[in-house]
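I am attaching a structure below and will ask some questions about it afterwards.
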Amino acid sequence: MEAQIFQLQYAIDTFYFLVCGALVMWMAAGFSMLEAGLVRTKSTTEILTKNIALFAIACVMYLLVGYDIMYDGGMLLADIALDGASSADELVSSVLAESSEAGFDGGSVYSNASDFFFQVVFVATAMSIVSGAVAERMKLWSFLLFTVVMTSVIYPMEGSWTWGGKDVFGMFALQVGDTGFSDFAGSGIVHMAGAAAALAGVLLLGARKGKYGPNGQVKPIPGANLPLATLGTFILWMGWFGFNGGSVLKLGDISNANAVAMVFLNTNAAAAGGVIGALLTARLLFGKADLTMCLNGALAGLVAITAEPSTPTPLLATLFGAAAGIIVVYSIVLLDKLRIDDPVGAISVHGVVGFFGLMIVPLTNDGASFAAQAFGALVIFAWVFIASLVTWGLIKAIVGIRISDEEEYEGADVSECGMEAYPEFTR
Amino acid sequence: MEAQIFQLQYAIDTFYFLVCGALVMWMAAGFSMLEAGLVRTKSTTEILTKNIALFAIACVMYLLVGYDIMYDGGMLLADIALDGASSADELVSSVLAESSEAGFDGGSVYSNASDFFFQVVFVATAMSIVSGAVAERMKLWSFLLFTVVMTSVIYPMEGSWTWGGKDVFGMFALQVGDTGFSDFAGSGIVHMAGAAAALAGVLLLGARKGKYGPNGQVKPIPGANLPLATLGTFILWMGWFGFNGGSVLKLGDISNANAVAMVFLNTNAAAAGGVIGALLTARLLFGKADLTMCLNGALAGLVAITAEPSTPTPLLATLFGAAAGIIVVYSIVLLDKLRIDDPVGAISVHGVVGFFGLMIVPLTNDGASFAAQAFGALVIFAWVFIASLVTWGLIKAIVGIRISDEEEYEGADVSECGMEAYPEFTR
Amino acid sequence: MEAQIFQLQYAIDTFYFLVCGALVMWMAAGFSMLEAGLVRTKSTTEILTKNIALFAIACVMYLLVGYDIMYDGGMLLADIALDGASSADELVSSVLAESSEAGFDGGSVYSNASDFFFQVVFVATAMSIVSGAVAERMKLWSFLLFTVVMTSVIYPMEGSWTWGGKDVFGMFALQVGDTGFSDFAGSGIVHMAGAAAALAGVLLLGARKGKYGPNGQVKPIPGANLPLATLGTFILWMGWFGFNGGSVLKLGDISNANAVAMVFLNTNAAAAGGVIGALLTARLLFGKADLTMCLNGALAGLVAITAEPSTPTPLLATLFGAAAGIIVVYSIVLLDKLRIDDPVGAISVHGVVGFFGLMIVPLTNDGASFAAQAFGALVIFAWVFIASLVTWGLIKAIVGIRISDEEEYEGADVSECGMEAYPEFTR
Amino acid sequence: MKLITAIIKPHRLEEVRDALSIENISGLTVTEVKGYGRQKGHAELYRGAEYVVAFVPKIKVEIVVEDSIASKAIDAVVSSANTNSIGDGKIFVSTIEHAVRIRTGEINDQAL
Amino acid sequence: MKLITAIIKPHRLEEVRDALSIENISGLTVTEVKGYGRQKGHAELYRGAEYVVAFVPKIKVEIVVEDSIASKAIDAVVSSANTNSIGDGKIFVSTIEHAVRIRTGEINDQAL
Amino acid sequence: MKLITAIIKPHRLEEVRDALSIENISGLTVTEVKGYGRQKGHAELYRGAEYVVAFVPKIKVEIVVEDSIASKAIDAVVSSANTNSIGDGKIFVSTIEHAVRIRTGEINDQAL
């Protein structure tokens, strides 16, 4: 009978992972729509191609080597079907043994395949952040080359130091417990990391033609399709329940089920706070209700709560989200002043607010310290930024990363994909 | 061992609530897309802004006061993390005590946080109904002001009388059991309520410029983007499984699991019936296969079954849906004749059909009587309509609710948001 | 206590079916968006109408007769609410008896209503495949007439021979076990079947005006809205987790939960492989990164793995997907050379690759043989193709299946629906 | 024949068409254009960066008429398009030397 | 030089372009327009309310040619755009006094 | 008065407008058009089938000016639209006999 209870717990926890993983996979659609809505018509096909291709590459590279680097999950996942057991029966008995040892209230015991499925979609999320920032001017194939490196090495390395529990280059530890560093679902490990890679790319790439005037004016380039951008945001909002909710890692007892519920609640509250923070800030600064800022605000709220969605009260989660919504508006304006051209605001939303998310963890989680959070952020940022800079630099030197001016005027859709997104509408 | 079974049951039921809640949250995207597709291009950014902002406001206001008014859930939700217990262990033991008392087959025991999460998205649904009906001519900030009142007071009050189990102004009871009134998932409490608030707004606001000719002609204003409207409908259809399915309130035993399955099945059947009913009715009346009517028909089927999705046979659910699909077409045509300008058909879909949904409950549910259903509908409608009329009226008197004629010609996007939805396409 | 464990198992398995079913229902939105994005603007409203109407018709016809033909589920589903029991209590005891007999690790015991819900959305999937292939030139009402026949008879018949376990016209058996034929989630039974019906329709219908030049040139007709097509693909990708994942049929013990997880993982891997296979093939053949081929590649990967997503290793699943992605590109080009005009590539994606999917099953599943797979494919194809040809032929003879040339120039939206999809944009 | 080209505000199109109908002029061709003139576009902020939406949406109406009714047509357009506000638009008149109706080959006044 | 303005049915554009090519005329400019004339738009019902889609989609083709080949060009358009049905469109001819090729500064016939 | 019609590359519009402003010409009307000429569209493959995107996106700028400043205006357009590459476009000049400002009824040079 006890065995059957463990079997049910295993089934529930596995299913919970799969549902959450499917929601995170769905975020790929969200990033695609958000980015397709915020670029110009003439770069839309290309950004869509980048998004679906990067997702595919992330899945394959993480399967081939990334998961092994990060979690020692086995190259090529050859043994994952039976979690390494030699037969289906042996799998059941080894799982039951593991469950007995962990105890009903202990660590989560669930299918390795569901674990990989949940982890792999996180890699794709980190990479999706990059595509938005370098949109409309980067060569498609150079971007895909970077994707291969990012998803097979750069991200798995820093993931191995934090969630993977390995020492940073064998030198020191960064994981929770030992070190006071805590990043529940990845404000830093996923989002700020993605933004760091994006920043490196943008610095080497330069701004879109016509984005900044000769005398320092910022010339806006309005996104071509705001319904798509809004849809993308809602998709991400929904997918984030899986992103954060699944990061509790266990559902199958009262404490954990309640924690998962709190995470859903706080995730939603922070997003709501982010919308309101950004809406009001934009109203005060610009005099209008700026939809694109509302969208970025929602995402900022989500990114901010991601580092710790389980301990804040819902009210605090709302306020954290609101603060993130305010920060993101200022950050976007500031980056434009610095001539860092980020068509979708990814560096502000995921980078600046990702860092903010890490720094507020100690406010509600005693296990984390400000110093450790700042240090952890620094390590992650430094690694991803430098490794990305080197990678982008090599790609730039060998095949180039930027399309020609003529191609940029005509639009990346024609030069990179040979296909317009809306061929029938006049531009 | 028994405790572990209760723990699993708690986990399952909590997860079920969270999944259903996430699906209902997803309905916010559905309303946004539906409305963005059915208004004109020049009001698209504004309707999107309204939709995301109203969702955020609903989440915050319901957290601050609404949930407390409706269910005594505690102002600000300060204690929700541990369901009021002083420690995590105490939470477990108090939950187990509660489960023991309820018994395995008894009332559902699940995380309060998941309950709030599920409830809060219902408020947003009610409010989303309003935004469509007042589209293209209402001031954005006036609308958001109304949103604050609706989501913190008007909806929670009537919710407290029905699902909350409180007496109507301390005078009489409306909840199921005592009174013969039954509204399973909210045909009346959510949908008709939203439509009542919308109707009050529309009456004070008037029709869009150019919608009705001087001699009483109805001039159609075609929706600008039917793929978006269709997408929105499919999203709502999917989200509705959470809306109705979650309203069974428990999954974790055979009877309830079977009831949840019946609800999914009937919800789907009613939507299908609604499409066919509206498709054929529009074909007979207008001679063409009117897509927008199919969409409204699907939603009408869903609204109609919402008051009682568990007791009808699937065939009956299909027929109820079909009837709703027929009704909605006639209702939309009639409202236009009455010069009640509702760009997306929200008052017909949610109001007229919401009422229809309430009135068919007694056909399959012995616990409900026609008289009680009619009386309940009246109470809800009267309260929401009058309270809304007063609120809209005050807002109108103080800051105005309608944009100027010039702004309306140019489009609310420019005047309210300073941003076009598709800036590159010529209009 | 044991009873309670069975109750929980029943609840979990039922919920798992419902969640998977909702994901498959969601695929209807995916097909709609994919097809709406790949046709021309002037046929968009019509394709949307077809999609929502076919889904509704499939739900109703399968409820009325299809489920009974396929699984002896009872005409009209009259008794499904209590699974045939006379009272709620009797339902519980009969379920418990069934569970006892099956044993904890035995066959799945779950709500019949959830079974119907899961099955019905498969019918709609098969039918959705048809609508894309005959787009832009078929009469709407003729299509809907065919939908009635397909969903009430043609599909349920072949479904009854395979998953339903009945003999083919009482002559011989095709189901797994006896025969070496295996089709886990329906590469053949659903996808190739849909494609066979589509092919029959396309042959009787002919190509769109202007698609093929007098000297055999193929003139491309670019899809009007690639963001929609991409969104549709992502929706299908997500929905496919339900399609394949639910086809394990049981979640509630370790072996099955692990199998479900493997199915999710392999489904995702195959889709990723499909994208990469198609991306590179199109790059080599056409010199550009062809987004529409990436989309078809993802779907091809998904179709290919559907016949057996549980036994391959993840690496193999990726490779199967990649092969499917390569095949689909060649198939699309070839069909165009043969002047088989399929606007969305449905016959290649679902038909050619569906067959491929069946044929690779024996590589990883010992229970299947190449001969049996080929024979099964032949039986399914022959039945669906011939029955469809007869049905389309009759409809053609009686009411016609093709709109007039003039209507086609103007677009099916105006002639069939009287409504443009984007009325404000100039074409 | 004369070609009367009128640049008008988009929401006056229906009035202009009706005014022309009254004068029995029922052939015209309409183009969506953007205009730049005294009526300045508004300044907007997109994500905090200011820009001027320089061009204002307008409708161009082209009407070819016999010489004799040109002035009636011009008057009809002026009175129906006028809203007394900046940006109401302009009318430009030029000569058409030759006209053909494609379907029949009829020419000049017969072709209109 | 002459400016030949043809208002044609959208699906005849390819034929017209090909017919002009045969006459060695390979410069032209195309605009999407809506036309109003004898060919009436169809009446539609949107959600039960009737309205007339008054304007029919047309394509405007503008071709500037040397005087000497104007009539050949007109004939080419007439024969290629003709479908013998109402709404086939019109051709209007007017005079261009001066032409410049921006890239080279060449003028008049050299500029075409 | 003269009507100066310039067919230019879309991304030169801002420069052309600025150049005209310097000459104090601030009224103009812009249309999105597609051009066919020496600058050939590119060949594309859509799902493996080759086709030529024959028409290149262009912007048509129409400027009505007093006779006296026509040549200044032409020069301004030529110099600002020129990128020295094929497809830079053309300028066509014709005569406008009459002009009206709808709002005030002012005519001819006063109307511009």
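Which chain is which? They are A, B, C, D, E and F, in the order written, and residues in each are numbered from 1.
Operating definition for what follows: a contact is a pair of C-beta atoms (placed from the backbone, for glycine too) under 8 Å apart; a residue touches a chain by one contact, two chains touch by 3 or more.
Note that this is a predicted model, so its numbers are computed, not measured.
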Along the shortest chain of touching chains, how many steps lie between subunit C and subunit D? 2
Out of curiosity, which chains are bumping into both subunit A and subunit B? C, D
Out of curiosity, which chains are bumping into both subunit A and subunit F? C, D
Between chain pairs C-E and C-F, which one is joined by a greater number of C-beta pairs in contact? C-F
Can you work out the whole-Å distance between the CA centroids of subunit D and subunit F? 18
Express in whole angstrom the distance between the two chain centres, defined as the mean CA positions of subunit A and subunit E. 52
In subunit B, what residues contact two or more other chains? 1, 5, 8, 12, 19, 222, 225, 231, 286-288, 290, 292, 418-419, 425-427
Of all the residues in subunit E, which ones touch at least 2 other chains? 31-32, 34, 44-46, 94-95
Kindly provide every pair of chains that touch. A-B, A-C, A-D, A-F, B-C, B-D, B-E, C-E, C-F, D-E, D-F, E-F
Give the list of subunit D residues in touch with subunit F in this complex. 2, 6-8, 31-38, 54-55, 58, 60, 74, 77-78, 81-95
For a test of understanding, state which residues of subunit F touch subunit A in their complex under the given definition. 10-11, 32, 34, 42, 44-46, 57
Hey, which residues of subunit A end up touching subunit F in the complex? 409, 414, 418-419, 426-427
Enumerate the contact residues on subunit B facing subunit C in the complex. 1-2, 5, 8-9, 12, 16, 19, 23, 40-41, 104, 222-227, 230-231, 233-235, 237-238, 241, 245, 251-258, 260-262, 264-265, 268-269, 271-276, 279, 286-292, 294-295, 298, 311, 313-315, 318, 425-427
In the complex, the residues of subunit B that touch subunit E are 218-220, 222, 285-288, 290, 292-293, 329, 332-333, 336, 345
